[in-house]
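The structure appears right after this line, and notes come after that.
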Amino acid sequence: MDFASDNVFGVHERIMNAVVAANAGTSPSYGVDPWTREAEQRLSELFERQVTSFLVMTGTAANALALAQLVPPYGAVFAHADAHVMVDECGAPELFTGGAKMIGIAEPNGKITPGAVARVIAGFIRAEHDPKPAAVSIAQATELGTVYTPAEIGKLAELCRIKGMKLHMDGARFANAVAALDCAPADITWRAGVDVLSFGCTKNGALALEAVIFFDEKLANDFIYRRMRAGQLLSKGRFLGAQMLAYLEGDLWLNNARHANAMAKLLADGLARISGIRLAVEVSANEVFAIMPRTLFQALSGEAHCYEWPGMGSGLVSPGPEEALVRLVCSFRTTEEDVGKLLRLAGAVRPLSAGRQQSAEQRP
Amino acid sequence: MDFASDNVFGVHERIMNAVVAANAGTSPSYGVDPWTREAEQRLSELFERQVTSFLVMTGTAANALALAQLVPPYGAVFAHADAHVMVDECGAPELFTGGAKMIGIAEPNGKITPGAVARVIAGFIRAEHDPKPAAVSIAQATELGTVYTPAEIGKLAELCRIKGMKLHMDGARFANAVAALDCAPADITWRAGVDVLSFGCTKNGALALEAVIFFDEKLANDFIYRRMRAGQLLSKGRFLGAQMLAYLEGDLWLNNARHANAMAKLLADGLARISGIRLAVEVSANEVFAIMPRTLFQALSGEAHCYEWPGMGSGLVSPGPEEALVRLVCSFRTTEEDVGKLLRLAGAVRPLSAGRQQSAEQRP
Amino acid sequence: MDFASDNVFGVHERIMNAVVAANAGTSPSYGVDPWTREAEQRLSELFERQVTSFLVMTGTAANALALAQLVPPYGAVFAHADAHVMVDECGAPELFTGGAKMIGIAEPNGKITPGAVARVIAGFIRAEHDPKPAAVSIAQATELGTVYTPAEIGKLAELCRIKGMKLHMDGARFANAVAALDCAPADITWRAGVDVLSFGCTKNGALALEAVIFFDEKLANDFIYRRMRAGQLLSKGRFLGAQMLAYLEGDLWLNNARHANAMAKLLADGLARISGIRLAVEVSANEVFAIMPRTLFQALSGEAHCYEWPGMGSGLVSPGPEEALVRLVCSFRTTEEDVGKLLRLAGAVRPLSAGRQQSAEQRP
Amino acid sequence: MDFASDNVFGVHERIMNAVVAANAGTSPSYGVDPWTREAEQRLSELFERQVTSFLVMTGTAANALALAQLVPPYGAVFAHADAHVMVDECGAPELFTGGAKMIGIAEPNGKITPGAVARVIAGFIRAEHDPKPAAVSIAQATELGTVYTPAEIGKLAELCRIKGMKLHMDGARFANAVAALDCAPADITWRAGVDVLSFGCTKNGALALEAVIFFDEKLANDFIYRRMRAGQLLSKGRFLGAQMLAYLEGDLWLNNARHANAMAKLLADGLARISGIRLAVEVSANEVFAIMPRTLFQALSGEAHCYEWPGMGSGLVSPGPEEALVRLVCSFRTTEEDVGKLLRLAGAVRPLSAGRQQSAEQRP
């Protein structure tokens, strides 16, 4: 039973089998192998248009390289203050962009709005003393497990168009967002105005695989150089291509995400029924953010490997002084049994916790 | 009459004369000339200890190079959200540090506190996913014209010591802060725990001169390479040395600042007496931040060359919907006559503005 | 039959099996899993001392990150003019070091000598106008398949010590060098004065695995941040640890290299006996550089997937106007049959080639 | 008497007077002052077309910023192996370009040819493993005081056009080159195919002034951001504008250069007549490279402040074992008397030197 992160789970069997199968014989190296070529075609089919895609090995690299392609070193990137590109990548965007200005915007539910971005830009009245607005980066699903609707994305894209900026989507949990919205991949990407997508696969069952996907071929110009000098061009590239083929085959990507989302819904519904626990944000994808007595969290965390969340939270609902904001992540491998076990554990611990809470409150 | 910025004023006559005088004969180039050597000694005397100093040409370069020396590319710099290094240098710190993470903290009066910095660091629980806390950068005087007391600096330095960080001071208006506090330069630098100072001279009467001053020689190790590759090593370096000698000679630096501060005080007192105008922040140095009817600002700005301020303001006092937050800067060249002229202008315009304000207030 | 590169071959079965086996259950992510922890211990055993090691995914990343750790942005790195870090990584060292100066030195046989490095440094008489000598980077085996003896490395290390530089070894083919020299890994690394090793595994049978190995723990300080922000910290890190365990288990690494070297020797001996073909450099590791009639190369390259070599060659033996310098690489999967097939092909093609040569020579 | 460098001389009186005159009254800061605006127009007149120009303070900054504008971080810049951008700027081009690959080419007389550049590019057969050819940078006059003819520049420009590269000219001694060629500034810049010029003024009589001049406005797009974040936007910008106006007024720039060139010619002719001294390269501009007995150099260097030259020399004529390659630089302030004094000194010292040479040669 592990709710720590999508990353603690291994690789989906069909993907692992594909890696093993790709090991036969020799193959051209550095990404020009048949597996990768075919994977590139499948991605175009998935997105219902010709896309230009590049396989890399980590989400941090995918995001930072995508931004480097969109943004000059003197540019500004607007993202949510809690976004992965802001607080979880140790400055990778700054490294790969050559020092672009990452500007975090704090808004509720992990999502930024065109109005807030526009207000920051409106404050750029110092000519070249300010950086040049260059891109908006949104996570789909967000770090809080919320999702942007196609309309919300479209409005951000409209602002980008007006201001001469590009729109990047960090899709580390893209599949979960598609499953949550029950839409086509195109609906929340190019049809809504997204220019570049970090198409995440690792969290959703791959071994080490992300794709940087450009919806306009011209934007992808020279990207091969950036991938290379970032140390992200894998020599035995067939093993990335093979992962992608298996990931897309038979909608494995979507089915994995649907399962993880369903488990998260089950978990959220169960937690919400436990007295003393409330949800910090509505659950859309595969993450549950629950506010619970700190004592309960401490009792749970050992068994369930869940973490207290360091970010600002939803911005609307906050933990009290004796409470913790806890993140619980479900994956393609999470079972109903796992969820049931956690819920039983949480239900059983609660009274004790409530007791402690009470006694804490009795202190002067 | 010009209150737009310290930069709109020219060069103090004594400094200009020194530049002209230094033009006789030949001299070694690239900063090893007798003027520069003597200036370095004078700086040690001024700070009452052996300092290691480097002359450069702009404040942005001084700040960004100082931070580059203190902070690794994977480090984090904490500064006020409105600080010059955050919002006025177009990413120069990111460029020169190799992409360090600049983290802005919004607190009242343009000053940051150890508590707020510590709270951000306490949120760094993601190991190397977060940047490494590496430096705190404070402006003295701040962008709002407020000053840190020696005790406030000492507390920030203490936090830095505990967390293994360095303390940088952006002294673009250092002289104004010394004049405001009536202290020794050492009191608000090394004695209070500052590691590196950007010692600004341009705003206070020099032509193009800043010094990066290290209070610990070891911290200055290899800094010459950084200055060189930043394009900040002037070939005809004697003209920087000569400026510095004149700037320090006879306490010109301090007298200039005292005059500018006195003019700002005079201006602030006068403005505060005009109905409809109030100060956004107490005036300590050479800048006045006044909240006034927008109509008054519009009438004034043409004559007085003053600007509306884009920052967050003091964080305590905010302009109303029909008001503007206006910055007025005094310099070594500002005269009592200039101040009087502005005050008369502001007083004369007021009634009209007040009328509009009134009608605005009558709206439901 | 493929002699194009070590990279065209897949993954050794024992390594692939280990990856599959590591897929059971959940595991902590981001490199703190039991596999990785154990692999780190095994590496210390292999090198006969406590080493600090970091697993990454590509050789380019390993090299560039190692150099970034050793060299300041204003530093100079000395390497052979044909070294991988100079000509095959699209500026990755420049990116990760923040713009250090990569200085290529052309010397015979792909190896640089202390004398040549010292001569370049002796020309640095322009103070900070020159970069600061900071590191020497050597490849073991070199791009030409030659190997540095422990004594040669020791002399370079001695120069580094005198000049305050660090010594980096690009060990993309480290195993082949150890096999060629029949020495202990320690003999050509820390015992000879190497500070940091890029320990390559991918070319020699791994899927995607390199280790950056520091022989002095202090030099490794903060390296985790660099790996993270380079996008080289794999979330499902157990699959790197598992590869490394299998790679070291039962000396698989060494046996693979011994086999590849033996095949290269067999190939070289065979080629040398074919009229019209001569070796450009003595074969030590798993690469053969042969000079042959261009017509022969053209006939061979389709079948054998070998490449013409763009570098300067050995610097001692050069191809004539109708000749090509051809690289043939052997791997852990190359068979005696493959070698025999190539030799038969080369022997059979030759007369035709000679005929063409002749007719070409008859032209006026 | 000083022949060390152009930089040891001060500022031309007319330029210094202009700086002093510009000190009256207030002025907009940051480069939008009337002086700078007028200087920009004068530059367009000088170059006989609309140019887009940016004033900065050092030649290193001008060069590195120009290259950063032309070259992506994954690009390659080709320059002479002894060029200032290669060996005298401590990696400034690498810093400002974000780590572009600087590729030095060694050819005679300090000049590179299209053939040599094309040969390096022809070796780029490794796709994105090589950097992308992006710019050629030539110095006019070169570090050896030689000059490119319009035809030579045109041929390099033609190669650039074919290969999709841009052509940068480091004009630290541009005026000397124009004087040497007796041509229009346009003839060796845009008419010959140069895209961007670093128009140097400091060496030729200014205080601290260089202009980055774009001959195609589109290439200058966003350059203001780069200048700002490099710390090269001077707040009291009028003092740059005023320098430029004085520099161009009455052809001061050209007259200064003509004088310096004439002094160099006089010096060269005199030296060539002294037995034991020979010129390493024909003198075109304001620098003389002379090969002389080391003993003579040692005797001269104290009086004449000249330096031994660390570079490769002309590549055609080399100093013998007891000889030194010595650089002597003339400026707008060098007098016939200075030259005569040096020649008398050199002539007088020679016999003694010859004697020492002889005795040295008598040693076994």
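Just so it is clear, A, B, C and D label the chains in written order, and each chain counts residues from 1 on its own.
Operating definition for what follows: contacts are C-beta pairs under 8 Å (C-beta built on N, C-alpha and C of every residue); 3 or more make two chains touch, one makes a residue touch a chain.
All of these numbers come straight from a predicted model, not from anything done at the bench.
Which chain has its C-alpha centroid at the greatest distance from the C-alpha centroid of subunit B?
Between subunit B and the rest, the longest centre separation is with C.
Pick the pair with more C-beta contacts: B-D or A-B?
B-D
How far is the middle of subunit A from the middle of subunit B, if each middle is the mean of its Cα atoms, in Å?
40
How many angstrom between the C-alpha centroids of subunit C and subunit B?
51
If you average the CA atoms of subunit B and of subunit D, how far apart do the two points sit, in angstrom?
36
List, in ascending order, every residue of subunit A touching at least 2 other chains.
30, 73-74, 89-91, 94-95, 98-99, 128-129, 131, 225, 228-229, 233, in rising order.
Which of the residues in subunit B end up touching subunit D in this complex?
Against subunit D, the touching part of subunit B is residues 2, 4-5, 7-11, 13, 16, 19-20, 22-30, 56-62, 64-65, 89-92, 94-96, 202-203, 207-208, 225, 228-236, 238-239, 305, 333.
Could you list, by residue number, the parts of subunit A that touch subunit B in their complex?
Interface residues on subunit A, with respect to subunit B: 73-74, 87-91, 94-95, 97-102, 123-126, 128-131, 310-311.
Could you pull out which subunit D residues touch subunit A in their complex?
Within the complex, subunit D contacts subunit A at residues 30, 72-74, 98-99, 127-129, 131-132, 222, 224-229, 233.
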